[in-house]
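In what follows, structures are represented as structure tokens.
Both of the next two complexes hold chain A, though its partner changes from chain B to chain C.
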Partner chain A sequence: MKKLLIPLFALVSAAGLAATLYMIFYVAPLERALFFNQKVFYWHVPNWFVLFTSVFVAGLCSAVYLKNRNAKWDDVARAAGELAVVFGAIGLVTGSIWGKAAWGHWWKWELRLTTSLILWLTMVGYVLVRRFGGAGSERLAAGLAVFGVVNVPLVYFAVKLADALQQESAHPQTTVANQLTGSMKTTFQLSILTFFAFYVLLMLVRTSAIRDERRVRDLRERGLDAGILES
Partner chain B sequence: MTKPLLVLLAAFLLVPLAAAPAVAQEPPTCRLAGPPAPPDPDPSKRPPFYHSPMRQTCEDEISKDPDWWFNLESRLRTQIHVQTSREVTTNNRHVVMAYAAIWIIAVAFIVLLWRKQVALRAEIDRLARELAKAEGDGGGGGKGAT
Partner chain C sequence: MLTDRSTAARPPVDWGTTGSMAPSPALRTGFLRTAGAVAAKDLRVELRSREVVYTMAFFATVIVVVFSFAFVKDQRALIEAVPGVAWAAIVFAGTIGLGRAFDREREGDTMRALLLSPAPRLAVFAGKTVAITALVFAVEVVVLPLCLLFFNVDLGAAVLHLALVLVLGAIGFAVVGTVFAAMLLRIRSRDVLLPVVLYPILVPMIMAGTKATSTILTGATGDAWFWTQFLAAYDAIFIIVALWTFEALVIE
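Presenting the complex of A and B:
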């Protein structure tokens, strides 16, 4: 089944990427305030949706792993944690470029950007602990992943929170996406679907690779136990 | 499993070529609003005339600085506004930068995954072969792999 799923999602992702690019640059009209610069929005926002999903998956699977210590959940959590770092890097870089085009600043220490950076750094911490933490680090990393989940609503509602705290926020409200109409809305929805297909594909590939790594470790242990391999 | 990754990599590398003409095309420019309407000629409808006591002082100070008038006129010239609006509407540098950043990060990650996967497959095959060989020989070779 998985052998079929991976090529299927690869094809859907490739076709979706081509279709969304066509719609973004040839079909969707220019926005009246940001003109051409608004076209960053169509991939920037779905990228953040995928990041939030990835952090949720990592946190949820880590919580299940902490409860039942089944390595399968830990494999999924690890794959999701790594993807959260990749999508977070894309989100922060594209957001910074858009900020320069729209507000004239690469970075502002406002609530949304700061909480986003904290979320990304948390997931970078998760990956680093998994990579260099040694034996038993998976439980510590699982705790970090659960902490990352707590950050997600804070990032999402940061603009509303900034209003409540009477702080200045350069970001638009989260309702902006719901106000899109016509081909802008279709393009945005197609981008979301494409990004989720791409995310599922990367999750399948990465989880499978992590299981292969586990298999290599098991084979090495068998070889060492049998005295075939040297440590 | 490496084939789908190759398909995706090819798509990532080829698709930007399709978007290039769109980035190069000229977006429509803004049309500037006309000058403000002149004041109503009927004196009865005008608001009461007011002269600030500071006005003469300000005018005297401004007249000492000839560049001030020059700068003001330059700023107000229509062509300056047209040029500024054109810069806003035709600025595609940041869009190109953003999409290039997405492409570079995604392609780098896919290449990394692909190389890792190929190395893992080779390692699994090698270990499985050595184990099978050693088990076939009746165990205990003590050879080579780390």
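Presenting the complex of A and C:
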């Protein structure tokens, strides 16, 4: 089953990425107000959708892992955490490029930017803990993921309310996505589907790699305990 | 604490697999008594050596002094910088104190003993949190007046409101900090990882604390109360999350 799924999703995401790239530049029309620099949205927005999904998956799987101690959930959480960092980095970079073009600044301390930066930092912390924490870091990382997910709305409201006291929001409204028409809409939807297919593919690959890593580690420990292996 | 354990009235023991508080009054007093005992133990240890309080307070003082050099303009320190400087000093010094307070447990391997003892784990958590809140508050009491002094701020009647903000900030810091510091006990490179995991989660608290302090200093009482309430909400939310996850997180 999995042997079939991975090539399938690989094929779908490769074809989808190629197709969206073509549609973004040759099919979708130029936007009236933003012209060419609106094109980055077709990848920037789905990218953030994937990031938030990934963070949510990491938080949920961590919570389940803390409850039932089944390492399978931890494998999924770890893969999701790592992918959240990757997609977050892409989102921050594409966003900054757009910001430089549209605002003239690489960065603004604005509601969505600040919230997603904090969220991304949390996930970087998660990956650092997993990587350098050594034995016993799974639970700390799981706790961090749960706290991080709970923290998202708090950061959002803190920045929003602090924002309301001094400056207006500069990031384009996300509701714009619902008002797209024609080939813009098709391109955007195809892009979202492609990114999620790509995400599922990466999740499948990474989760199975992490699971194998863990199994090898467990086997090695059992071998050491039984005296078959020498350290 | 020892006498406490030997009393016959000690509640029936759940060996710590679940949220072990059944709604019987005896158990509830047991919870409070255990939490009180843990907090009293921590504070007594600290009062005898005063190691953490002195080092934390001095560290915070140094941070405030360094920052006040950095924010001097026309031979006067900028008032706008006060909230940021104060909260940065509190959080940095708090992290030092947090690490040290739990190092003490690790050196004697007493955290395991505490968790193995037939006391509700959440009571241990509550006791530790109370002790750390007290430590952080002690540091805040040093830092804030120092900031006001160096930055020439006249506070006047708002001092009580500011004290409330500081208490709420100390509680929030202690709740999140205790959970993470307790988890980090068994992990190598914990000194580096504590700030890495702690600060992103503390961001809303730092933001609200800074906002509350600056609005108090400028006299915008309405906004100040709003941010005080935000701090209280932050504390409440993370107390719930911490109580919900603590046992699963520290279990051996």
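The rule is short, and it goes like this: the second predicted complex is superposed on the first by the 209 of 231 C-alpha atoms of A that agree within 3 Å, B and C clash if a C-alpha of one lies under 4 Å from a C-alpha of the other, contacts with A are read in each partner's own complex, and residues count from 1 in each chain.
We adopt the following convention: contacts are C-beta pairs under 8 Å (C-beta built on N, C-alpha and C of every residue); 3 or more make two chains touch, one makes a residue touch a chain.
All values reported here derive from a predicted model rather than from experimental measurement.
Student: See if chain A has more residues touched by chain B or by chain C, and give me that chain.
Tutor: B
Student: A:229 contacts which: chain B (first), chain C (second), both, neither?
Tutor: Once the two structures are laid over each other on A, A:229 reaches chain B alone.
Student: Scan A:105 for contacts with chain B and chain C and give back first, second, both or neither.
Tutor: neither
Student: Just checking: does A:206 make contact with chain B only, chain C only, both, or neither of them? Give me first, second, both or neither.
Tutor: First partner only.
Student: Touching A:131, do we find chain B (first), chain C (second), both, or neither?
Tutor: The answer is neither, since A:131 touches no partner chain.
Student: In the overlaid three-chain picture, which partner chain does A:144 touch, first (chain B) or second (chain C), both, or neither?
Tutor: second
Student: Does the superposition put A:67 against chain B (first), chain C (second), both, or neither?
Tutor: Touch partner of A:67: chain C, not chain B.
Student: Quick check for you: in the superposed arrangement, does A:215 touch first (chain B), second (chain C), both or neither?
Tutor: first
Student: Show me the chain A residues, by the header's touch rule, that chain B contacts in one structure and chain C contacts in the other.
Tutor: Of chain A, no residue contacts chain B in one complex and chain C in the other.
Student: Per the contact definition, I'd like the list of chain A residues that touch chain B in the complex.
Tutor: 6-7, 9-11, 13-14, 17-18, 21-22, 24-26, 30, 35-37, 39-40, 43-44, 47, 86, 89-90, 93-94, 97-98, 100-101, 201-202, 205-206, 208-209, 212-213, 215-216, 219-220, 222-223, 226-231
Student: Once bound in the complex, which stretches of chain C touch chain A?
Tutor: Of all residues in chain C, those touching chain A are 176, 179-180, 183-184, 186-189, 192-193, 196-197, 199-201, 203-204, 207-208, 211, 223, 226, 230, 234, 237-238, 241, 245, 248-249.
Student: Can you name the residues of chain A that touch chain C in the complex?
Tutor: These residues of chain A touch chain C: 66-67, 118, 121-122, 125-126, 128-129, 132-137, 139-140, 142-144, 146-148, 150-151, 154-155, 157-159, 161-162, 165.
Student: Would you pull the chain B residues touching chain A in the complex into a rising list?
Tutor: 1, 3-5, 7-8, 10-12, 15-16, 18-19, 22-23, 27-28, 88-92, 94-95, 97-99, 101-102, 105-106, 109, 113, 116-117, 120-121, 123-124, 127-128, 130-131, 134-135, 139-146
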